[in-house]
Structure formats: C-alpha cells, structure tokens
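Shared chain: subunit A. Partners: subunit B in the first complex, subunit C in the second.
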Partner chain A sequence: MGLKRNVGLMEALRYQGKGPMLTYILHRIGGLSIVIFVGLHILAGYLANHAWGANLGIFINSIYENWLFQVFIFFFALFHAINGLRIVILDLWPKLIEYQREAIWLEWFVFLPIYGIALFVIVRSGLGG
Partner chain B sequence: MKTKQRPAPLGGFNFDYIMWLFTRLSALAMYLIVIVALTGALLMSARQNMSIADLMRWAFMPNPNHVASTNIPDIEVWKTIFWQVMAILMLFFAGAHGLHGLLNVVEDYISSRRIRMSLRALVLVIWVAISLIGITVIVTS
Partner chain C sequence: MEVTIKLFRYNPEKDKKPSYKTYKLEALETDRVLDLLEKVKGYQDGTLSFRRSCAHGICGSDAMRINGFNRLACKTLVRDTGAKITVQPLLGMRVIKDLIVDMEPFFEHYRSVKPWLINDDPEPEKERYQSVDQRAVFDDTTKCILCACCTTACPSFWGNEQYVGPAAIVAAHRFIFDSRDKAAAERLKILNEVWGVYRCHTIFNCTLACPREIQITRAIGEVKMALTTGKTE
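After this line comes the complex of A and B, so read on.
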C-alpha cells in the first residue's frame, strides 16, 4: 500500500487544523531553530578557543547575545519544551489523548506567563534599562 | 505539486519505533538534567551571584564557560567530573533528539529517494561531528 502525500502548498495552507495544527507547526519550526542555534553555538564555542577561528566564533556568539535574537529563540525553545512535555505525557499515557484540546489550552496557560515575564526582562535590558 | 508514492512504514519493534520512543524519553531526560543543573547551581551559591539569565544558560548546558561572566567567586566546583558527565549526557540527548528531528523533516518533505538517502547520511555525519566538537569543548573548558 502506498502512502499518498500529493498535497499542494495552497491546499495545505487552507487546511484548518486549528489548535493542534498550530502546535505542530510551531513545534517543527522551533525544533529546526534550536538545531541550527545549538549547532552553530557549539561550533562557535569551539572556534572561540582557537586563535585561527576566534573572530568567527565571537561573531557567531554576538548574534546570540543580541536581544532581538533572544526574543525569537526563547519563544521557540520554551514552546518546544512545554509542547514536547505535553506530547510525551499524551503519548506515554494514550488514554489521555481524549483531553488533547484541554491539554493544549493548559499548555498555553503555562507558556504565556513564563514567556511574558522573560520577554519583559529581555526587552527591558535590551533597551538599556 | 506531484509527489511519488512511498510505502507506508512498518509496524513493530524496529528502528523507527525505537527512535520514536527515544525522542520522548530523551525529552524527559533533558528535563531531568535541567532540574539537576538548576538545583546544583542553587546549592553552589547561584542565588547570590548569578542573574536569572545566567542561571538558565547553565541549566540548559552545565558548562563552566557559562558561569565565567558571573560573580561566582570560586569556579572550581563548577568544573568537576560530575558536571562534565552531565554536560556530555545533555549533549548526547539533545544532539540525538535534535538530529533525529531533522531526519523526520527530511523524511517528510523530500520525495526523491536519492536526495533523501544522501541527506540521511549528511545528518549522521553532522551528528557525529557536532558530538565530537561538543565533547572537545566540554573536556577542555
């Protein structure tokens, strides 16, 4: 049996998956962001220890120290962690899948205050206060 | 957009299932390591000497480089074998979890078998390389 996946881009964008689809997309974008961020950061940590690559290493790390980048990466890292915990709980206790939508609401209730406080601190120190 | 048909994955105890389980268990392991690092930092005088941002940086990866710019007076206790083992475990779980995720993205969006196979190999190479580089950074810092 074949697995059919011939869905065009416009058709995919019209798909109204709502809450669960949004978490799926954010989880995927977040996962990719973290892989790129952490990979380059490890590389930068290595380069910064060597005279031949110190400039490049410091340049890469300076991107991460920029508050605009932190606003972006913290959103995705925190969302990926909290959404990941929801996925783990629902997958390891499959009976709970019945409450998936409630779990997603709960997830946003946990995410928003933590991210809100972090956003406030990052932006305040980013604007020099 | 036209894509080729592909056989559905098989059920049962195979590589895909093991990695599915690993992805979930490694997530729990990373939560555990973060809690251990956070508790350890608070026991090692982080409360008086570190900002919340520095504390989080340490919790995500317990590497002494992440403490270098704080007011911690004695960095020696942050450089022990225990923290190096924790850091290497974090690197292993995060690296395998993240690059297996990358592999999932490749499997989802690349329909050409040849490109998919090359990208699988590339992901494996990146994983081995980044693990070796990461271990070098951890043991030399």
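After this line comes the complex of A and C, so read on.
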C-alpha cells in the first residue's frame, strides 16, 4: 500500500529550486515557443501559396507580425539561445561548473541589455514611433 | 518563539487521500526541524511517522521537503526556516506513510552502477598505493550519504523515475576516477544507456540540495566528459 509517485506538474513547479530552476523552466518554455513560432511561419508560408488557404495564411502572418507576440517570442527565443550557450559551455568544461552561480548572473547580464534594446525597437515600431 | 508546523499526513490504513495537519509548538531558534518533529510525535501526535537515525547529518535518513526545498531535518535550524514551516515527503517517490517514502527505486539505481571497488589483480602485499593527487580527483564524491535530496530535486527524475539520477552518478564517479579501480569502462557503459547520464540537463537542483555540498553537477559533467574522451585520469 501507499501512494503513487507524487509528482504533478504544479507540485514540481512549486519546488523552491531558485535561480537555476527558473532558467530551466524558461528554457523549456523557450523551446516550445520556438517550435510554435517556426511552425506558424512554415504553415503561413505554405497556406499563403494556396488559394484555398491564403486568408488563413495571412491571418497567421498577422499574429506573428504583431509586436506583442514579438515581445513575447523574442524574450523566450533569446533566453533559450543564451541559456543554451551557458549550458553547452558548462558541459564542455565541467571544471567551470563550480562557478555556476556566477554563470547565471553573467547570463542575465548578457541577456538583459540585448533584450532591452530589442524591446525598445519592437515597442517603438509597434506603437508607430 | 512559537512556531507553526504544517505536516503532510497520510496513513495508508485509514486515509484515502493525503492531507495536512498543523501543529503549534514552542521552539528555540537553534532547534532543528527534526527536534520539532520529535516534539510533535512525543507530545502531540504519536501517530506521526518519519525516518531518522543519527540526528547529526551523517546517516542520510531524514531527507524531506522543508518549506518546498529538499533538506535534512537534522541540519535545518528554525532560525533558517522562520516560524512557519511546511514539511512534505520527497518528490518523485511513493509515499508509504506520512513523511516516509519508498527508497527502493533510489537504491536500485545506486546498485546499478556497481558502487564498490572492482579490481581482480592479485592483492599486493600491503596496500594498493595511491598518490595524494590521485585521491583528490574523487574526494568530493566520497562524501555522499545517500540521502536522496539530489535525485528527488531533479526535474529529469521527476519526469521519469527510470533516470539513474544524480546520486547514482555521484557513486559511479567515486569509483570511475579511483586509480585503484579497474571497472571504469563497465560503469561508463551503464551510464551511457538511454536512462543514464545524458538525461541530466545541467539544471543544478541537485547541487543546491545536497546537504554535503558535493559539486554534483560537476561530477556529472566529468562523467559525461569521460564518456566523450574515454579518459578517466
């Protein structure tokens, strides 16, 4: 007798893993976002070339050309790329893993200005400035 | 000070579902969460079940989720948890009763990496010599007390309990990099399997949770490297 294995999604998300776990969660969301973005892109391109689907294609185009969508997708795609680089570097040089805490700070240090500039450009052109 | 401790409760003989019970008690800042559990069991509710043995951070039996994070109850002070404490069983394991989980899958993974010295060479007259430098290579991973704080903090393990888990890799590391041992290749082959070392996505939950402060992810990284380069020196 006893309970089944006790990990549900919400239970797992509530684990207090702090900084590293946050990067892990953002990385997964990022991966998923990229799949959705690229998937939509391919789908829209395909549909736009067929008379029967052109309208739908244009509609999908308008979603990912929307600046709000771009703010979101750029956050996750950029985070996914930079976080991925951090992990690759740590995997290739395990000795550096001792500095994993600093690596995460460095990652945010690189991410924030790049995203900040992108955000500025996206929002400015989004608001027609 | 008065502390409120909320405990995960489940009695397989009576309860259909687990629940939480809250107890209030007087405690010192220097009390450990284990002391509080003992007080609850001794004075308020004798049915409470949890594991502990040494009470000094060395047997590894009282790992649990304290305020949402894996720790040893005997190494966690009230000073660090604050006056509100929630205690739950480890994640990713079957709960047997209250805070007691079934550790068998964990130990099965541990045994799967052959955590013992393998060397069929004839015994030397005195001892198998090892230099200070050779010993230092795996010093960190000798400190493991098999508490399972790491494995049960690992999202890859939550996702699938077939993943061998950080604790087993730590145990493997301890022998793979031991110059007296001859079975590194055999262990690396085991860790190269589908549910082996590559299920680790360098998340670090294990390292943060380890009460022995073992650089677990680094050890895993070194094992991955050994698999890539074939070098264990």
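Heads up, the rule we're going with is that the second predicted complex is superposed on the first by the 118 of 129 C-alpha atoms of A that agree within 3 Å, B and C clash if a C-alpha of one lies under 4 Å from a C-alpha of the other, contacts with A are read in each partner's own complex, and residues count from 1 in each chain.
Definition applied: contacts are C-beta pairs under 8 Å (C-beta built on N, C-alpha and C of every residue); 3 or more make two chains touch, one makes a residue touch a chain.
All of these numbers come straight from a predicted model, not from anything done at the bench.
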{"item": "First, second, both or neither for A:N49, with subunit B first and subunit C second", "value": "first"}
{"item": "First (subunit B), second (subunit C), both or neither touched by A:G116", "value": "neither"}
{"item": "Touched partner set for A:E98, first subunit B, second subunit C, both or neither", "value": "second"}
{"item": "Which superposed partner A:G126 touches (first subunit B, second subunit C, both, neither)", "value": "neither"}
{"item": "Touching partner for A:L90 - first (subunit B), second (subunit C), both, neither", "value": "second"}
{"item": "First (subunit B), second (subunit C), both or neither touched by A:G17", "value": "second"}
{"item": "Touching partner for A:G31 - first (subunit B), second (subunit C), both, neither", "value": "first"}
{"item": "Subunit B and subunit C footprints on subunit A, overlapping residues", "value": "1-7, 87, 91"}
{"item": "Partner subunit B, residues of subunit A touching it in the complex", "value": "1-9, 28, 31-32, 34-35, 38-39, 42-43, 45-46, 49, 81, 84-85, 87-88, 91-92, 121"}
{"item": "Residues on subunit C engaged by subunit A in the complex (per definition of touch)", "value": "10, 12-13, 18, 65, 67-69, 89, 91-97, 102, 153, 155, 158, 161, 201-205, 207-208, 215, 217-218, 220-222, 224-225"}
{"item": "Of all residues in subunit A, those that touch subunit C in their complex", "value": "1-7, 11-12, 14-18, 20-21, 24, 87, 90-91, 94-95, 97-98, 100"}
{"item": "Touching residues on subunit B, where the partner in the complex is subunit A", "value": "1-3, 5-8, 24, 27-28, 31, 52-53, 63, 65, 91, 94, 98-99, 101-102, 105, 111, 126, 130, 133-134, 136-137, 140-141"}
